[in-house]
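The structure under discussion appears below in the form of structure tokens.
To keep things simple, chains are lettered A, B and C as they appear, and every chain counts its residues starting from 1.
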Amino acid sequence: MAIIKVQDLKFEYQDIKNAIGGVSLEIEEGEFVCIVGHNGSGKSTLAKLLCGLLVPTSGHIYIDGCELKAELENEENDMLRRRIGIVFQNPDNQFVGVTVKDDIAFGLENRQIERNEIIKRIDEYSRLVGMDKFLDRSPESLSGGEKQRVAIAGILACDTDIIILDEATSMLDPKGVREVLSVISNLKHKKTIINITHNLNEMVLADKVIVMNEGLITASGDVKTILENEELLKEANLVIPDTIKLLNMIRDSKISEDVEDEVCQLIFHR
Amino acid sequence: MSVNLSQVIFSYDTSRKARLSGEYYLKVDNLNIKDTNEFIAIVGHTGSGKSTLTHLLNRLLIPQKGKLVVDEKEVTKRTKLLPIRKKVGLVFQFPEYQIFEDTVLKDVSFGPKNFKLDNPETLAIEAMETLGIADLKDRNPFTLSGGQMRKVAIAGILASKPDILVLDEPTVGLDSASKEELLEFLKYLNEVKHISIVLITHDMEVVTKYCRRAIVLKKGNILYDGDSLELFRDEKLVEDAHLDYPHLTKIMIELKKKYNLDIDPYKYDAASAFSELEKALIGGKHE
Amino acid sequence: MNSVVFGQYYHANSWLHRLDPRCKLVSMFMLMIGVFFIRRLDVLALLFALAIILVISSKVPIIKYLKSIKMIATLLIFTFVFQVLFNKTGNELYTFNFTLTYFNLAAGILLLVLFFVLGRLVKKLRLLQFLATLAGAFSLQMFWVYGDVITPYSITIHDASLINSGIILVRVLILVCMSSCLTLCTKPTDITLGLDKMFAPLKKLHLDTSIFTMMISIALRFIPTLINEAFRILRAQASRGVEFSQGGLIKKIRQMVSLLVPMFVIAYKKAADLALAMEARSYIPGHDRTSLYLLKYKARDYIVYVFSLLLLAGMIVVRFVL
């Protein structure tokens, strides 16, 4: 059964009608999904709706078969929301703790996990993201990549099974991106991952790519079919990456099928 | 004419202890930036001193040692800073750092007014027209979308007619189409208006595709200053500075290795890479 | 980026550093109240000696304490001088006779000018320079009576007013030493934690202090970040041609606006982002939370409690019984 099921979801901001204009989708447990789209296409709004940070105007969201409802003071609802963690774009603005240790502990404290267990989990998950040597460091002394890894550790420590990354790598340097991506690819198929991104490197990690435009899903499929569909990309106001352009040129010129296959494999890692 | 930094040492910590220990945040032996036709990328890890370097260019920060020479005149304590600030225009990473007026037009003309230029409003409208946002002139900048706000911020600097335009990570958070639009605009400024562009970026595609010169920083030292494509030939440098290869280059390198092709993998766009590949493959078949 | 360290905390390893923050907060509070009860200079001197012992045993360089005293030194000296000069209670102790003449008036003005010129060259110890200038000007009027007399006058010092001013002076010194002791030897986060644990029982009375302490710890986390942002805004506007050292009042106001608006916008944006991040991580204001940190009283904490209680009792006895 799909772990996330969205039915005809709609959302309006005060000044933006149809920020989400009727979205339906299903995401399987353990699936790695990428959502792409231009700025203002509704990707981030969708992510916030899935986490229960925004309340939909209409439509339904089911997590593992249970509906996520709007009421705030609802125990069951809280439990559902706790199964989803989100990492935002700006590494600095989501770092709550005064130290790395404090930040990983923040979500656990809120969930009233007892102290010994918190200490155990900090140890375990800081190691998993490679931040175990930095536990007492303050956020000012960390790079963006390090802060994002701490954020991921904070989410993993809470035993969430769905992780949403809302352009989590867009403000990082190349090294930071590599570090975060390596953490994410290690989680692939262990957790359900929804990654909102503009980065081709991240798209090729995904099992499924969803294209959003004007608050609607305009296409979904594996990364290869999406990226090779020039029409679709143009319509969604996205630029075809140079590597795909090269692949298309090789294919059109038919100089070597062998090279074509190789390039294909290099781009899509499969 | 140009901006030149030589033997510069800068540190944020101005205490005696720091001075005596000889630690520094940024060291520049010699850096020359011409005020026409340059297109420079500054790359390096977080905290490598990229922003600090750009702030030294127009005296927003004053180095402990070394000198800044603008148009062959050394900048000293008595030098008027306004002309230097006008010459080197700085666009900060987030437009929120500078926008404060209640209409776009007022905000864009704020710079020209401070620099006491003639007809600040005409200059502002001119700058907004080149960016294609003239129709927003009466809007409140805080109600605009992120992309539009960024354009307002750039117009705010452009209106003062700088010779060198410095942008701090201008493409962060932009989708691929907006990114291309912005970069094409900078290319236009560079090629048509002959404004020098200095770009801080983490995006290696931008470095090879748009910039002609690259400055690589690591822990406050300049590791490389030269051609932006040639930079990637130095494998050790790329690794040492924690950089990445552009995707296109990565694929070309792999192809070269796998098929033992006689190609130059360092090409800035798909067409030139393809023609290189075509040459090698068709040539190979004939032999 | 350059980081700004917030708070005064100085890392060292003394018994004051190891003390439980709750114990430090409560004891400090009790002693401060006690100090206000005391109106006898000799007892205050004893308490001051105790404060000095605390300062020395904290293993924090004395210069750090002197810095916090320096901050209020000007205020302290002026209140002391004014108290002594204008509060006329008790017996006359000594009378200073001055004679103002044209010559020593001119000399006094000359000294003052000298003081301002000197300020351009030597930026340090301005307070000391100022006091020396004043002392110079008045001693001239006392000892160098030459030329046409404008007016003679005298200042009388009274013993009770001297003692009263001394009491105020010593009291403030004790308070500054003690509060510096607390902030220098306790991390800001530990102070927050201490407050949080101390006030936690109030929840039973429907007084929720956890939101308050969360606010303090968020503030501690974000103050350095916001200070850095403020510097960036300053530079962003400077590169748009704002000259912060120049311009008249109206220009100055506009310059302030060009800083304040972005500062507010950025702070608001950060707060909105942070609120979302906190909510996403299941923070619900006022709900019960567990804590990573555990505070546990040790023997030394109880000893300090007992000692401070006794001291407070002693001070009350001195004030009301003796």
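In this text, contacts are C-beta pairs under 8 Å (C-beta built on N, C-alpha and C of every residue); 3 or more make two chains touch, one makes a residue touch a chain.
Here the structure is a predicted model, which is why all the values come from computation and not from measurement.
Chains that touch both chain B and chain C: A. Chains A-B form the pair joined by the most contacting C-beta pairs.
Comparing mean CA positions across the assembly, the chain most remote from chain C is A.
Centroids of chain B and chain C (each the mean of its C-alpha atoms) stand 45 Å apart. Rounded to a whole number, the gap between the C-alpha centres of chain A and chain C is 48 angstrom. Centres computed as Cα averages put chain A at a distance of 29 Å from chain B.
Among the residues of chain A, none is in touch with two or more other chains. Each of the following residues of chain B touches two or more other chains: 47. Touching of two or more other chains is recorded for residues 1, 269 of chain C.
The touching residues of chain C, when paired with chain B in their complex, are 1-2, 229, 232-233, 235-243, 257-258, 260-262, 265-266, 269.
Chain A makes touch with chain B in their complex at residues 15, 37-41, 89, 143-145, 167, 170-178, 198, 200-201, 237-239, 241-243, 245-246, 249-250, 253, 255-256, 259, 262-263, 266-267. Residue ranges of chain B in contact with chain A, taken from their complex: 44-47, 143, 145-147, 172-180, 202, 204-205, 209, 242-244, 246-248, 250-251, 254-255, 258-259, 269-271, 273-274, 277-278, 281-282. Here chain A touches chain C in the complex through residues 48, 51, 53, 78, 81-82, 85-86, 88, 90, 92-98, 101-102, 105-115, 118-119, 122, 138-141, 154-155, 158, going by the rule given at the top. Here chain C touches chain A in the complex through residues 1, 3, 189, 217-218, 220-221, 224-225, 228, 269-270, 273-274, 276-284, 287-292, 294, going by the rule given at the top.
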